[in-house]
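Letters are used for the chains, namely A, B, C and D, taken in the order the chains are written, and counting of residues starts over at 1 for each.
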Amino acid sequence: MSGSTFGHLFRVTNFGESHGPAIGCVIDGCPPGLALAESDIQPDLDRRRPGTSRHVTQRNEADAVQILSGVCEGLTTGTPIALMIRNEDQRSRDYGNLLDTFRPGHADYAYWRKYGARDPRGGGRASARLTAPMVAAGAVAKKWLLEHHGTRFVGWMCQLGEIEIAFDAESHIAGNPFFAPNAGIVPRLEAYMDELRKSGDSCGARITVTAQGMPVGLGEPLFDKLDAEIAYAMMGINAVKGVEIGSGFGVVTQKGSEHGDELSPQGFRSNHSGGVLGGISTGQDLVVSIAIKPTSSIRLPRASIDRNLAPTIVETHGRHDPCVGIRATPIAEAMLALVVMDHALRHRAQCGDVALPVPPIAAAAPGAPRR
Amino acid sequence: MSGSTFGHLFRVTNFGESHGPAIGCVIDGCPPGLALAESDIQPDLDRRRPGTSRHVTQRNEADAVQILSGVCEGLTTGTPIALMIRNEDQRSRDYGNLLDTFRPGHADYAYWRKYGARDPRGGGRASARLTAPMVAAGAVAKKWLLEHHGTRFVGWMCQLGEIEIAFDAESHIAGNPFFAPNAGIVPRLEAYMDELRKSGDSCGARITVTAQGMPVGLGEPLFDKLDAEIAYAMMGINAVKGVEIGSGFGVVTQKGSEHGDELSPQGFRSNHSGGVLGGISTGQDLVVSIAIKPTSSIRLPRASIDRNLAPTIVETHGRHDPCVGIRATPIAEAMLALVVMDHALRHRAQCGDVALPVPPIAAAAPGAPRR
Amino acid sequence: MSGSTFGHLFRVTNFGESHGPAIGCVIDGCPPGLALAESDIQPDLDRRRPGTSRHVTQRNEADAVQILSGVCEGLTTGTPIALMIRNEDQRSRDYGNLLDTFRPGHADYAYWRKYGARDPRGGGRASARLTAPMVAAGAVAKKWLLEHHGTRFVGWMCQLGEIEIAFDAESHIAGNPFFAPNAGIVPRLEAYMDELRKSGDSCGARITVTAQGMPVGLGEPLFDKLDAEIAYAMMGINAVKGVEIGSGFGVVTQKGSEHGDELSPQGFRSNHSGGVLGGISTGQDLVVSIAIKPTSSIRLPRASIDRNLAPTIVETHGRHDPCVGIRATPIAEAMLALVVMDHALRHRAQCGDVALPVPPIAAAAPGAPRR
Amino acid sequence: MSGSTFGHLFRVTNFGESHGPAIGCVIDGCPPGLALAESDIQPDLDRRRPGTSRHVTQRNEADAVQILSGVCEGLTTGTPIALMIRNEDQRSRDYGNLLDTFRPGHADYAYWRKYGARDPRGGGRASARLTAPMVAAGAVAKKWLLEHHGTRFVGWMCQLGEIEIAFDAESHIAGNPFFAPNAGIVPRLEAYMDELRKSGDSCGARITVTAQGMPVGLGEPLFDKLDAEIAYAMMGINAVKGVEIGSGFGVVTQKGSEHGDELSPQGFRSNHSGGVLGGISTGQDLVVSIAIKPTSSIRLPRASIDRNLAPTIVETHGRHDPCVGIRATPIAEAMLALVVMDHALRHRAQCGDVALPVPPIAAAAPGAPRR
C-alpha cells in the first residue's frame, strides 16, 4: 500500500520524480468558493526553489506551477485541484556513476531492496524535489486558513551545524537565504557554508515552525492527535530525524509544576505545550522543532558496496545542497499548514455544531519567549 | 473524522474510557493461522498495568484480557479479533473536584472546547489507561513478527528526570519497575521517585525502543515512510513531546561524513540512521527515542480557571503516576510493533514478488554502541 | 486488508462470529451531544432478531445490546461508542456435519480457500447474524439524522418469491412478520412460507427501502457518489445479488424524455432518479430496491465435494431462515441510514459554509407513485 | 470528504473537468517491475473515445495519454504513475444557454446546491469524459492481472432500449460500434439509433461485463466484499441505475435448490452466483450486469427552473451521446479490472502465505450459458 497521499479530508496526492517530465499533486477536498490562481501559489514555490543563492544546489528550475483543474472563473469548485510543475533542468549524466553503488546515508540501498530496482536519475522519487508539490498544496491550505481562521504559518532556521541562531525578529526571516530570524548572524552563516562547500562535506540544521492564530479544538484522539500528525508530517520530510512539540526533549528534566501551562481569564501564562494538549489544539501557537541531517551526497570518499555486494568507494559529484536544511523552512511551513487544514475540516465534520457559552481564552502573551 | 483506528492493513480500533465498564480494541486484518490465546497477550499487559510498585498509580486493575472473536480452535481466522478488558477499580469520586476546572498541562480544557463537554471520570478518553488495548494488540503483532521475520522489540528507560541511565545489559530491564537496563542505578531511581512523591510534584523521562531483526524494505514513501509513521505512533502516546530516530537531534551538529552509515560486504558499519533511510527500513535495528512530559495531575497548587473563565486554584489528589514514563516502555514497544506489522503487510501487498539475486547485508555489529 | 469497517467519518467496525461469545461494533465519529441509551437501539434490534415468527430461524437470541463506551450522563461524548451483544443460543452441534463439506451457494468454499481454514460454527463470520451490530449502529445514525435533518428511513418487502406485494400503506408494515406494506396479502405470504418450509427448499425476495426528508447535496463524486455507496452497502448485505436506485433496470427501456424528472417552482414532478443525480442527493426521497437470493442452507440434497475434492451429497439441517429476505428490511434500513449519516458529515466537512440565496425545491408530491 | 480516489491499495486519483486544460489520474500502489508504455494504455482509450461513429458524440478528442511518472526504462518503479490527457476540442459556447437552468435528469441542480456554484462548461466534473482516466488506469490493472493471474475482462452490450441482444460470440464484439456480441443484430441497432437521433430523444442500455480466469479468494468481508465493491464501482459510472451479480434480480423468483451452484471434482456445475459467494471470489467468472439510463441532455423541450426558481423550458443542443451506454463497455471493463486488481493486492497482504493441499476446482464449463 503506497503512501503517496497526504491527509484525510484535504487530501494531497503527490506524483513525479526528480528527473521525469513533471512533478505535481492533486488536492482533493478543498472547500469550494476559495479564490485561487497560480499567483497565490508561486511565491511559496519561489522561496523553496533551487539556485537562489550560492549556498544551495545550482540546478536551474523555474518551478512554475500550472493549475490543471478544480478552479472555474477564479474560484475553487470543490473538485480536485491538479497542480503540475515541469522539470526543466535534468542533467541525468551527473548521476551516471551512481547507478551501481549506494551512497552512505542515502535512500539508494533501501529503494533498491524494496522495489527490486531504482530510478537512478537524481534520486528519483527519493529526491527532495518532491517537496515542491507539497509547498504548492500548502499554499492553498495557508490561504484558506488565513481567510477562515486568521491562521498564519511562520518558520525559521534556529541552528545551522554548530551555530545556534537567536530569534531576533520575524521580519528578518525573508531577508536572507537561510530563513534566519536574525540578520546579524547571516555573515557568520555564509562564512560557515563557504567553508563547508570547500571541504566537500555537508552539515545539519534545526528549523522551528509555528502556526499563529490557531483555532481551538483541532485534533482527533486517540491516534490522529494533532501533534501525532504533525510528527508524521515532519518526520516524513526528507532528512528529518527528530521532531519536538513545545518544550520537546526539554520536558525530560522539567517538573510538572514547571511544565504545565497555567490558565487565567486573560489567557495562558506560558506555552510549554506547544499549543497541543491531549492531542487537541488549545488555541495557543503551535510550536514545532525539527532536526535535519547532513546531506548524504558529498564529495568526500566513503566506503560502500555495489549491487553485487562488492566493496567500493563512493564520491558524489553533481549538484547537491550542502545543507538541505537551508531550503527546509517553507517545506515545514507547508506541511504544518496541510495538517492544520485537514484537521479544520475533520473537526467541522464531527463537531461542526458544538457551541459553548464562553469564548476560548487567549494564547500566551505575544511577547512570551519562543524557542 | 475521529481517529480511533490505528494502522492501514493491520488495523486496531480502540474503544473505552478510564471509568466506563470496559476498554478494548478490535484488530482487523490479522493474517489467518496464527496461534493465539489470552496467554500470549497477558504478559505484556502485566508489564504495563498499574499498582505493581509504589512508584506508579495505586489503582488496582487486573487488566485481564478476553478474546471475543477472531480465533477458532486456537488459531486466528483472518476475521476481526476483539479484545476486551473490564474496568474494575473505578473510584470516580476521586475526581469530583475536577468537574468544573482545568488542570494546567492536562487535556481537560482542550476536550471541553472540542466536544462541548467532557467525561470527567478519570480523564475519560484522555486517560493513559487507553494504552492498555494497544499493548494487547501489540502483543499480537509481536508474535506474528517474531514467527515470520524473527523481529524482536526491546525498550528501556534511558533517563528519569535529571538522571541519565547508561545502558548496561538488556537482561537488567525486566528486573526493576523502571525498565532500566542497568541494575546498579535502580536504588538511585527509587530514591528520586520517593522524594518526588513526597514533594507532590511529577517528572519527565526518556525512553528508547528498538526493533531487532528487521526485514529490509518496509516503509511507504512519500508520506507513509516508516519513520514518519513511527513518529506518528510515538507522538500519539500520552505525554510524549518529542521523537527521534537514530541520531535524532544529534544530526544537527553532525557532518555528512560522520553521519552517513558506511556499507561493507560484512554489513553496515554504524547505525546513525536508526534503521531507516528514505523512509524505508534498511535491515538495521530500528532505534527510536521519545521524551515524556511530567504528569499534569499533581498535588501542588496551580493557577487555572473554571468553566465560567473565573480564576481558581487547582490541586489534584486521587491516584496518579508521578512519572508516566515509568510504565511507558511496554507501550512504546507495542506501538512500534504495530507500525512494523502494518508495514510488513503493506510491503507484501505491493512488492510481495520482488526478488533480488543477492541477500541483504547485515545490520551493524551487535556490539555497536546503541543510544 | 480486511474490510470490517464501514463508513469514512461515521465509522462502524464490526466484530464477532455466529457462535463466539459476543458480536458487536465500535462506532467512531459520532457527533457529541446526542442523547443515547440502549433503549434507542433495542427496538430496531428487536425487529431483526430471530425467533419472532414461525417463518424465520428458531434460534433464540434476546439480542440485548450493551453500550460499553462513548456515552456519559446520557449524551454521546464524541468518542467511540462500543456496542456488544452476547451470543446466547449457540447449538454448534447442529453444524457438525458441515465441517468437511461445502454447501452449494454458501460462502463455505470461498472462506476456506481464502483463509486456509474456516470457522464451521454457524457460518462463523459469514453468518447473517453479523448484521445485528449494523442494525444497532444504524439506530444511532437514524436518531441523529431525524433530529438534525428530519430524515426518516422506511423499508418494506415488495416481493416474496413469485408473489408481488402492492404498496398499500406504510402503517401496515409493522403489523406483520414480513414487513409487507399490505395487510391483505399476508395470509397468502404465510401459506407460501408454510408450504416452502415443508418442501425443505428456500426462496428469494425483493425489498424496497427509502429515506424520506433527505438533505440536498450529499454524495462525493467522482467515486463516493451517494448511489455508489448505497450500492456498496446494499450489495454487502448477506444474500443480496442486485441493487437498483429509482427506476433501476427499468431505465433500459425508458426514453430520456420520460426518465428525466422535470423541475418546477413547486418541486420535482416525478422521482425516476430515486433521489440521486450525478451521485448527489437532490432532496427527493431515496428509493432503493434489492434482490435477495434464496438461502443456501436447505434440507434438500445437493451435489458437492469435501475438503479432499471428493464428491459428496450435502443436506443442511439445523436452524435456518427459509427466506432471509423476511428479516432483511430493518437491515437494509440501517445500512441506508449509515450511508446517509456518513455523507452528512462528509458534506459538512467540505461544504459546511456553502450558502445559496434560494431554498431547495420540494420533493415529488407525497402522493406520487413509489415502487 | 471528497471521493476522487478509487481503490485501497491500487489507488487511482482522478482529476479534471470536461472543458479544462487536461484530465488524468495518479495511480499509487502499482507493483514494480511491470513493463508499461503509453501503447499499453491507448487501445482501451481508443475504444472509449468520442467521434468514432455517427451514433456517439461528435466531439473530436484524440485522448492521447501521456505517462508523467512512475515508469523508468520501460518498467514501473512502484512509485505513482501519473497519466495525463489533454482536452483539445472544448467548444464551451455550446453550453452557454445552460448556465442558469437545470436539465431534468442531469447533475446540474445537485452540483449547484452542493457546492454553491458549478462549472457550466460541458458538465464540468459531472461529465462522462472523466471516465477516460479510469479506462487508462484500468488498462494498467488489466495488464498486471493478465500477466500474474491470467485474468481477462470482457464486456458487451446486451440490450439497447427495447432491443435485447442475444450473445452469439465474443469475437463479434470488436466489430461494431455498439460492442454487441452479435453481428447479425447490428443493422437493427443502427436503424434504432438513427431514428432516435432524429427524434431528439435518448435511450437506455444494458451492459454485461465479465472477468474470466479469476483467482479464488478475493474479497474482504464484512463490508469490502468483492461484489459490494463491484456494485460501488459500477453504480459510480455515469448514468448507471442498477447493478446485478450473477442471476441478479432473477434470484427473487428462484428456489434455493435451483440457485445454489453445485460443486463437483470437475468443477462448479453452474454459475448463478456470478463468481462470488460470501463476498469472496470462487474462481468462477465474474458476471456483472448494469442498467444505463437515457442521456439527460436531449433536444426535446422539458420543464425546468432557473437559478431564481422561476419556471423555464430547457432544450439541450450541442454534442451529446444519444445513448451513453454505447461507449460504456470499455468503462465497465476498466472499473471491474480496478476492483479485481485492488483485491488481488489486498488479498496478498493478509493471506499471502495461505496454502492448501488441494487446488481450487474449475469454473463452470466454458460452454455454460452466460447472460
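In this text, contacts are C-beta pairs under 8 Å (C-beta built on N, C-alpha and C of every residue); 3 or more make two chains touch, one makes a residue touch a chain.
As the structure is a computational prediction, the values presented were derived from the model and not from experiment.
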Between A-C and A-D, the pair joined by more C-beta contacts: A-D
Farthest-lying chain, centroid of Cα atoms versus that of chain A: C
Centre-to-centre distance between chain D and chain A (centres being mean Cα positions), rounded to whole Å: 39
Distance between chain centroids, defined by C-alpha means - chain A, chain C (Å): 45
Contacts with two or more other chains, residues of chain D listed in rising order: 1-5, 8-9, 14, 29, 32-33, 78-79, 114-116, 125, 221, 345-346, 349-351, 354
Of chain D, residues touching chain C in the complex: 1-6, 8-9, 14, 102-116, 125-126, 130, 159, 161-162, 201-206, 216-225, 227-236, 241-265, 269, 272-274, 276-283, 291-296, 298, 300, 302-305, 307-311, 346-347, 349-351, 354-356, 358, 360-361
For the chain D and chain A complex, residues of the former touching the latter: 1-5, 8-9, 11, 13-17, 20-24, 26, 28-29, 32-33, 66, 68-70, 72, 75, 77-82, 84, 114-119, 121, 124-125, 345, 349
Interface residues, chain B side, partner chain D - complex: 1, 9, 29-33, 78-79, 148, 221, 345-346, 348-354
